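The following pair of complexes shares a single chain, chain A, combined with chain B in the former and chain C in the latter.
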Partner chain A sequence: MAAINRDDVAHLARLAHIEMSAEELDRMAGELAVIVDSVKSVSEAAGDDVPATSHPIPLTNVFREDVVGHTFTAEQSLSGAPDAYEGRFKVPAILDED
Partner chain B sequence: MTENNVLIRLSAAALAEKLAAGEVTSVEVTQAYLDRIAAVDGGPRGVHAFLHVNTEEALAVAAEVDAIRAAGGAAAEELHELAGVPIAVKDLIVTVGQPTTAGSKILEGWHSPYDATVVKRLRDAKMPILGKTNLDEFAMGSSTEHSAYGPTRNPWDLDRIPGGSGGGSAAAVAAFEAPLALGTDTGGSIRQPGAVTGTVGVKPTYGSVSRYGAIAMASSLDQIGPVSRTVLDSALLHQVIGGHDPHDSTSLPDPLEDLVAAARTGNVDGMKIGIIKELHGEGYQAGVENRFNESLELLKQAGAEIVEVSCPNFKYALGAYYLIMPSEASSNLAKFDGVRYGLRVLPKDAPLTIERVMGATRAAGFGDEVKRRIILGTYALSAGYYDAYYGSAQKVRTLIQRDFEAAFAQADVLISPTAPTTAFKLGEKLNDPLAMYLNDVATIPANMAGVPGLSLPGGLADEDGLPVGIQLLAPARQDARLYRVGAVLESLLEAQWGGPLLDRAPELAASIETQEAK
Partner chain C sequence: MSDATLSFEEAMEKYDPVLGFEVHVELNTKTKMFSSAPNVFGDEPNTNVNEVDLGMPGVLPVVNKTAIESSIKIGLALNCKIAETCRFARKNYFYPDTPKNFQTSQYDEPIAYDGYLDIELADGTVFRVEIERAHMEEDAGKLTHMGGAAGRIQGADYSLVDYNRSGVPLVEIVTKPIEGAGSRAPELAKAYVAAVREIVKNLGVSDARMERGNVRCDANVSLRPHGRERFGIRSETKNVNSLRAVEHAVRYEIQRHAAVLDSGEPVIQETRHWHEDTRSTTSGRPKSDADDYRYFPEPDLVPVVASREWVEELRATLPEPPAARRKRLQADWGYSDLEFRDVVNAGVMDEIEETIAAGATATVARKWWMGEIVGRAKNADVDPGQLGVAPATIVELNKMVEDGKINNKMASEVLDGVLAGEGTPAEIVEKRGLAVVSDDGPLLEAIDAVLAAQPGVADKIRAGKVQAIGAIVGGVMKATRGQADAGRVKELILERLGVEG
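So, the complex of A and B:
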């Protein structure tokens, strides 16, 4: 398994939408390399015959009656919004200018 | 001791009895706790268990209970057993009328438009909510030092950590600032703080307590549970919050066995209790090991048969956990994007696009540990690494479940120390994430397999005089066994100590004053 380096962290930070300073990238790359190294053994623990477990106590087909339950008013939904306009969330430009 | 000091030291069960008998009012009890919070929680050397104190609403609920009791009749008879007994709520659980921060700057000042199901159940039982307790940001940590609002201090030694992530709930209960509290446990966040503060904490069977309204960290691991000073009190609270909830699709449809009855009729005679070979010995502090062995001896004397079981795959649990948890967290925390709620930070320069606003918001709103876990999770889920990391970790989960199945074929309950060490000093492990993660080595397997676990005080370590936790584990849905065994062990230990362990904690108000004078 490949070690994690500073460029990887910069790429991952972009994917995760977290701006990081040069100092932060350096520090995080060092810390993550240690953590990733320590969890390496996990990939060798189980053979191909072992199935994956995604949920500890699986339930299937959890449905409810198809009727309208509790809903929030637009006002409630917008109550924590940083910015709103005419009953909607107001956001900066979705697309770049260029 | 003043009258109020006597009142706040009573168990929730004893308070409930006094309230029902009319010997004390809920307003008196609630006010006594609010006074205690005012006396020991604030200031530079205060415990800092609370992020928000809910004075007005708590007293109003208390007055309502008192009025119903005073009027008598059917309404008084229908009151829940815990009506009027106050409680604190971990600030990861959403509440109408109080802010919910998750210990993060990204949610500073945010108010939820809805109550978590567990909070609704507290309200239905008419339990006054004293306030919201401190935690590591988004419950990510083992010391409460990752809270964006400053650490909580351990009431046993104000220079030490109260555990985490639920250090606020555990410290509040240990410092007699609340008789009960709610916590959440993803890898040990209820049990490990319980261990290092000398309190009781329970992680219920996965799905047996609704998580609707708990801000999710790792959805396949998270569980809400009770925090208290006695085993019976946890059972009482567990019974209030448990049961099916259609709002949580992982909620188990069938109710658990009567937990309160199990705690009241504790019995270990003829029970097989399994020591997990891999969860003690090397890497565990000597004083922790000594108290653990003492508990085994007491259980043996009470008629239990002690057997040794082996769970060879537990050695992979910590590694697998630190792949699964960050993976799920990175996905769950994607919703904090500065659009629908919480903080929005604008980048200093143009262009002002949503992508750049998200980047600036999340950079300013999240602390280091949260960023670390999001990056780690994004890495483990990325193309080319998914199978090797997340996929492998899920297979380890199967192996851990098989280990538990084999162990429970030989024993009714399993036992181990809750944490490898007693409370460490504030700051000691803050810059070493890996050392911090190791605190959860004994608690993580239960989350990976979904089985219930309980931590109760096992005494004080010889070398430092700090609390040691004993962990009990039971098969999924058999939470009652934890209470049955826990109640017995608690009474045997207390008989040996001549009273509750917390009676031996230093007098807090005095120690805060002395330390502040230094």
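So, the complex of A and C:
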């Protein structure tokens, strides 16, 4: 059985605020199932003695000193914004969250 | 529409409250958690940002070393264990306050865990609050909702976003469920948040100004019938941002939950919004699948390893803990237990310390803060430290009193003038024409008149009952409309009656 089904995809789409049609959900469920199953086969290859890892190389403690660097002007910050008002990004009000 | 509530007393008779707190502390590093943009409050919108804070595609975060050290210090001060290794995680959600569509946080590997804090209540009772964890994350941008009802999201037409706060380092301190506080739950809530604020301020890792959102509290409250072990359903009141509000919000939620439970309905698990104006909460959003944050390890950041040597080095830099500091200050200042507790409970210990540093004696500093300023702050409904009395003002006023230029009553009037923005104490004394009558002539006249009017009291004083002098002094002060130096008046009365002081 696939590790991801149509309901999972619909749920993820809702979380990601992506509108998907019934056909898209069907197609995506199939495509994602293939990907998830492929990843699963990697898990099978790793034995119990292999710890879960988020990085391929064993680096730790990559830090930056607390020194102020470059910043943008408000104009630069907003240069790619679809809409802006008085130096701030203007976005639609999202009512179902806070 | 307002919710039904029971009286606090009735709620306590029927139910046992369980609390939990999530306190967010903004660190006062010079730069952000993951970018080198400045961490500064209140500048022009969207100027304390760079590509990392704006979540531009392809950018990489780099961890601020000072923020890690500050987080470890907070963990140590909360008696936590410090993780030998920990990671950051992505908390995924879609909302315009975070342009990346995720908040970089920590999930199953917080940097500090399993701590506790001993909280001293007003009467000296010590209550231990267990700390579940303290983890590192970043603050979000600031949204302003426009149109609709003033500043509230309901009915808003659009929102404006300032990302200056985006990426400011945060440490979130999460308690274990707090049981057994009973009717002292609201007081404990306030005392706990006050203790956390005091600790981070004392460590120097946060400006700890609640009015600026440097310390923000989410308060969880649930009720269960007395004797039941299982917890009730909780509500989470968000962003309760003053110490008084924390106390009020917990109290209100206890009263509201009790009314819901009494009606036979279940409490809804939801977030609540605190409203300072009505001192009540309103329903936010229910817990839903929107809370499915799909955490996963942050692939752009490598693990943080806190070697035991590093942790011990940091431990060695920790300042005197607040509780020890209180003991020391009380000894230095020579206050009685009761005097000192009153000072602490009034929230003016730091202010008194600053006033003493500015040149006042411990007695004078206490007299002014406890006698004059605390009451005014209460009337104005603000914390005493926020009333706007500078230590130097107190020192100046006190010097005027000691030099005999004005008396205590006038000094109090001058303080009102300072708070009303009329100028410095010296300017106000000048403007209002305040000056002590120091010429003995008019004073003696007034004293003679008062003594003649109250011969019985005069006899008592002559007979050695010196404490009766208050009635005469009062009469003289009245006659001189408070412009006399009470100390001098006392001397003159005793002289007049031929009694040794």
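Throughout what follows, the second predicted complex is superposed on the first by the 86 of 98 C-alpha atoms of A that agree within 3 Å, B and C clash if a C-alpha of one lies under 4 Å from a C-alpha of the other, contacts with A are read in each partner's own complex, and residues count from 1 in each chain.
By definition in this document, a residue touches a chain if its C-beta (ideal position, glycine included) is under 8 Å from a C-beta of that chain, and two chains touch if they have at least 3 such contacts.
Since the model is a prediction, treat every value here as computed from it, not as a measurement.
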Which of chain B and chain C A:66 touches, first, second, both or neither: second
Touched partner set for A:20, first chain B, second chain C, both or neither: first
Partner chain(s) touched by A:74 [first = chain B, second = chain C, both, neither]: second
Which superposed partner A:5 touches (first chain B, second chain C, both, neither): neither
Partner chain(s) touched by A:88 [first = chain B, second = chain C, both, neither]: second
Touched partner set for A:55, first chain B, second chain C, both or neither: both
Partner chain in contact with A:41 - chain B first, chain C second, else both or neither: first
Where chain A meets both chain C and chain B, residue numbers: 14-17, 54-55, 59, 62, 64, 72, 77, 89, 91-97
Touch list for chain C against partner chain A, complex: 29-31, 35-38, 44-51, 54, 62-68, 85, 87, 92-96, 144-145, 147-148, 153-154, 156-163, 238, 271, 273, 284-285, 289-290, 292, 294, 296-299, 301-305
Residues on chain A engaged by chain B in the complex (per definition of touch): 1, 4, 8-9, 12-20, 24, 28, 31-32, 34-36, 38-43, 45-46, 50-57, 59, 62, 64, 72, 76-77, 79-83, 89, 91-97
Complex interface listing, chain A residues touching chain C: 11, 14-17, 54-55, 59-74, 77-78, 85-98
Contact set on chain B toward chain A in their complex: 110-114, 205-207, 220-221, 246, 249-250, 252-253, 313, 316, 319-320, 322-323, 330, 334, 337-344, 346-347, 351-360, 362-363, 366, 371-372, 374-376, 378-379, 382, 385, 388-389, 391-399, 401, 433-434, 437, 447-451, 476
